[in-house]
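Just below sit the structures, each encoded as structure tokens.
Each of the next two complexes has chain A plus one more chain, namely chain B in the first and chain C in the second.
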Partner chain A sequence: MKSLGSIRSDFAPWLDKSAVPFIRFEGVTKRFGSFEAVDDLSLSIYEGEFFALLGASGCGKSTLLRMLAGFEAPSEGRIILDGEDLAGIPPYRRPVNMMFQSYALFPHMSVAKNIAFGLKQEGMAKADIAERVEQVLKLVKLEDYAKRKPDQLSGGQRQRVALARSLAKRPKVLLLDEPLGALDKKLREETQFELADLQNQLGTTFIMVTHDQEEAMTLACRIAVMDKGQILQVATPTEIYEAPNSRFVADFVGNVNVFEGTVRSVNGECITIETTAGLDIAAKSEAPVTAGDNVAYVLRPEKLKIAVEPIGGPNVMEGEVWDIAYFGPVTSFHIRLDNGMIVKVAMVNATREGPLQLTWHDRVFVQFDEDAGLVMTV
Partner chain B sequence: MSGAPGDEIIGIKSRDAAEGKRGWRLRPRGVFRAVVIGVPYLWLVALFLVPFLIVVKISLSQVVVAMPPYQPTFGDVASWWAGLKQLSLENYRWIAGDDLYFDAYVLSLAIAAGATLLTLLIAYPLAYGIAKASPAWRTTLVMLVILPFWTSFLIRVYAWIAILKPEGLFNQLLLFLGVIDQPLVILNTPVAIFIGIVYSYLPFMTLPIYASLERMDHSLTEAAADLGSPPLKSFWTITFPLSLPGVVAGCFLVFIPATGEFVIPDLLGGSRTLMIGKTVWLEFFTNRDWPVASAVAVVLVALLVVPIALFQRQQARAG
Partner chain C sequence: MTWRLSKFNVVSMVFGFTFLYLPILLLVIYSFNASRLVTVWAGFSTVWYRELWNNRGLLDAAWVTLKVGLLSATIATVLGTMAAIALSRYKRFHGRTLMTGMVYAPLVMPEVITGLSLLLLFVALDLNRGFVTVTLAHISFTMCFVTVVVQSRLTSFDRSLEDAAMDLGATPTVTFFKVTLPLIWPAVAAGWMLAFTLSIDDLVIASFTTGPGATTLPMKIYSQVRLGVTPEINAVCTILIAIVSTGVVIAALINKRRLVREARNERMAAMG
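And then the complex of A and B:
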């Protein structure tokens, strides 16, 4: 496979054929009445991974996590953790811990007691418990808050206590259910890096459920994109973004322009697509296609160039600025092409003036290279 | 006269009045607040505090054969001073000197405490079951708990006579099943009082416990399980402590009225079990000794003020 993106990592056990998965879902199905929350799903997760289950609400990602924790039993299939089939093992005997979306901190116990709760169940000696509590509190930088009750903490502090409590027992796997969902944007960004550092430092396998693609991309080694109880793609964040295997994945993660059409001519890798909107697109296709195939050309907005003067290169289109959204680091333009189609173009504001002084209804040229987008067979 | 002093009288600082608009906004809001708070206070003063003070006054009077059957009566303003001098603690000394009253108080408190405990033991699992039922069922089940209130309390207690008497439904059932061969004597014993109180006050215990269990975050017990705690242990370490406000509220809602209960011991308990409510009734209607009856009632209130104060403190802390 062609290497994608700019982030290199030596940690990639999923590429190693001899590596044994730490967690295996084998043909797992979960039904609630007639509703199939998880549908014949198989998945392997490796030790030390930070794995993200990404999907819209109701896609089955939380059910998957709850089955691993033991709160739900699979209707069919097996879940294997570290060589052991988890069927029939109640949640209180599983070597996994969960950080709940609501944090589920015990309101009648202090921070220290909350963290000590799991250790007490193990029958750990009092002195050892005190030491471990102190240790994890230090890990989440809350040493001074041991005696506080949960309702005397801010949202961010509660999130850290929940994290500390779920880490205190040193689980084989830490399950995180929307771990940053309740935090405001600024705090979420800070906490993302801390969480990633923590996972790196501990080496524990983390499995996270999230509906936030940005969160999944920042934190995870690999992401599984889920829809309707099934996994659509399991890959690294860069692969998910740059080489989505379906239009759903492409559309769910980030923004896309989709040109639908038929292949008119094939010349090795280079093909010509005649779109339904009447445009001809010169493209490079990794997937083998033949003339007459129905395809979609999927193009990320930042892969397009925009200019006020006519420009050279393949795939030049003319249009009018239809809408402008200024985000600060980038500006997103909606360009209405002369055939009526609207294309999204994102431009980085590399200078304070912005790259072009564009305003509504300006005439512009839009251009993209043959390999800027992805040819998908329909 | 300038406007400022007049404004002072109705509670607005002249500085605010000078600002015009702000003064206008403050005034109706202040009046509204006073009305909202004042109405329930007036209600309590008129219907609780004043009658109670009248009872206290009667408890300090002497019994006479007259109408009303006590003196002084403070009929006219001129004799007030003479009347005040006649008030004494004589009736309280009388109560303290006779074991009958002491025994009735102790018995009432003991029966109320025992019945409260029994009610708790029945109501907790009931409330827990309702709280754990599916939301669709919950409303129906709560309705069923409240349903007995649709019938008169007195009729329901009468119905228990028909159930508990020697030839009643309960004994007939046991005889039919062959569990016993002689009817059990339940009616006119303390057992019947316990049954009556537990039955009548069950909703008052069930509802507050249900309320505290129902609003509890389900993920708390899941978190306890996740951290290695088996279900029964999670109940005692998480669920029960968090439902304590409901348990305490329920206990007081049962214990306080059960202590002064009159109808249940009168109808089900027979003449040998003399509780304090019955004592007040006897003093009042049989002996026509209003002052002693009042004194007995005042002492009862004093005995119950202590748990009420504890209850309020607990509620304030929970809030």
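And then the complex of A and C:
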């Protein structure tokens, strides 16, 4: 596959055919009564990965995490961790630890006691426990808070204590259930980078569950997009964004314009699509298509250009500014094309004046290249 | 909140408190009466408290009551807490609705019926009536109160705390004693207090289920009153009232201290 996005990474064990997965879900199904929370799911996760399970609520991602932690048993299939089948092993004997969405800090214990709890269960010596507690508190920069009770801490500090507690036992795998969900936006952005650094530093395998695509994109090496108990795509954040394998994934992660139509002509990888709205689109298709196929051309808003004067290049369309949303770094335009279709265009505000002085109902030209979007067979 | 007392409020408050506390107040006052006649005031004296100390019958009954109360409240608390946990944890087992109903039934069951049915059971089992049977009877009728109190605490209990404990390597038993119990402790203690109070002032069920040598204080008082109220009875009742009020005041103080501490912690958290 050609390289996508602007990030290059050397860590990619999933591309290595000889690499042995650290965690394997093999045909795992979980039923609650007649409801299938997880449906015949298979997945491999490699050692040292920061893996994200992304999906809307009720898609089965949390159930998957809870099965790995041992709180739920699969109805069918196997879960293998580091060569060991986890079936029948209770949560308190699994080499995984979890950071809970609510943090689940023991309110009757101090920060230090919370962190020491797991180590005590191991029967670790007192002096070693004290040392380890100090070490992990340092890791999350909370050395001065050891004696505080959880309700004497702010939300961000509680999050760090929860993280420290789940890391204290040095688990083989750390499970994170919506780790940043309870933080406000500013704090969440800061914590994202800290969490990623921490994972890098420790090299522990992290598996995160989130409904926030931005969080998944920032933190994870690979993302599994889930819906209705099934995995739709497992890929790096850039692949998920730039090469989604389905309309659902494209739509779930980020914004898209979708042009539906039929292939009219094929010339190598260059094709022409006649859309149902009566437009002709020149596109490049990675997937093999033949004339007459029903396809969708999926296009991210930032891949389009807007101009006030007529511009050259393929796929020029004329329309009217229908709506404007100013976000600060980018401005999002809704352009109503002359055939009535609305396309979304995002423009970076690279200068303080903004690239164009547009207002509602201005006449504009919209243009995109043949390879700006993705051809998907329906 | 604005505090405005209308005439109606003042009047209803006075009536309410009078209705509730005047009889008790009279009883306390007359326990310090120097006269043997209960209704004639003849000056302040603590003679009846000294008399009480020499009344073996009343003291024995008080001792029996205390033993029955402590033992039955403790066992009822253990059983009641277990029932509460089972009912709030296992949402889907056969007969859950039936069990819930059956746990709550004694709350509304007339005491006479409870007492009579327990008596019939003990007779059928050929148990000698006495200390053991009255204790068993008290366990069975106070248990449901403990269950109600503990269960209401468990509904607001964050289950992920137990998950977290197990995730960190604690077995279910350790989890219960190190995490669950310390957190529901106030409710368990309140349940115990309730069971203890119910046990020490129960007359009806005790009358049905007790036997020779295990007369409880309420039974003793009741039987003595039938022969005429003596100031000693007033004295013993005053002591009971003192014990109960001390308990209530201590509970209120503990609660107040907790609220103050929570408020302080919140400020501390806000300051970072």
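The rule is simple: the second predicted complex is superposed on the first by the 378 of 378 C-alpha atoms of A that agree within 3 Å, B and C clash if a C-alpha of one lies under 4 Å from a C-alpha of the other, contacts with A are read in each partner's own complex, and residues count from 1 in each chain.
Throughout what follows, contacts are C-beta pairs under 8 Å (C-beta built on N, C-alpha and C of every residue); 3 or more make two chains touch, one makes a residue touch a chain.
Nothing here was measured: the structure is a model prediction, and the numbers come from that model.
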- Put chain B and chain C onto chain A via the superposition and say whether they clash or fit. clash
- Message: Quick check for you: in the superposed arrangement, does A:T191 touch first (chain B), second (chain C), both or neither?
- Response: neither
- Query: In this superposed model, does chain C or chain B come into contact with more residues of chain A?
  - Reply: C
- Message: Output check: A:F106 vs chain B and chain C. Expected answer is one of first, second, both, neither. What do you get?
- Response: both
- Thinking of the overlay built on chain A, is A:Q233 touched by chain B (first), by chain C (second), by both, or by neither? neither
- Could you say whether A:S154 touches chain B, chain C, both of them, or neither, answering first, second, both or neither? second
- In the superposed arrangement, does A:T204 touch chain B (first), chain C (second), both or neither? neither
- Message: So in the superposed three-chain picture, is A:P91 touching just chain B, just chain C, both, or none of them (first/second/both/neither)?
- Response: both
- Determine where on chain A the residues touched by chain B overlap those touched by chain C, and list them. 69-71, 90-93, 96-98, 100-102, 104-108, 117-118, 121-122, 165-166, 169
- Task: Under the touch definition given earlier, write down the residues of chain A that touch chain B in their complex.
- Result: 69-71, 90-93, 96-98, 100-102, 104-108, 117-118, 121-122, 165-166, 169
- Task: Mind listing the chain C positions that touch chain A in their complex?
- Result: 158, 160-161, 163-171, 174, 178-179, 182-183, 262, 265-266, 268-270, 272
- Item | Partner chain A, residues of chain B touching it in the complex | 217, 219-220, 222-230, 233, 237-238, 241-242
- Contact footprint of chain C on chain A as seen in their complex: 69-71, 90-93, 96-98, 100-102, 104-108, 117-118, 121-122, 148-149, 151-154, 157, 165-166, 169
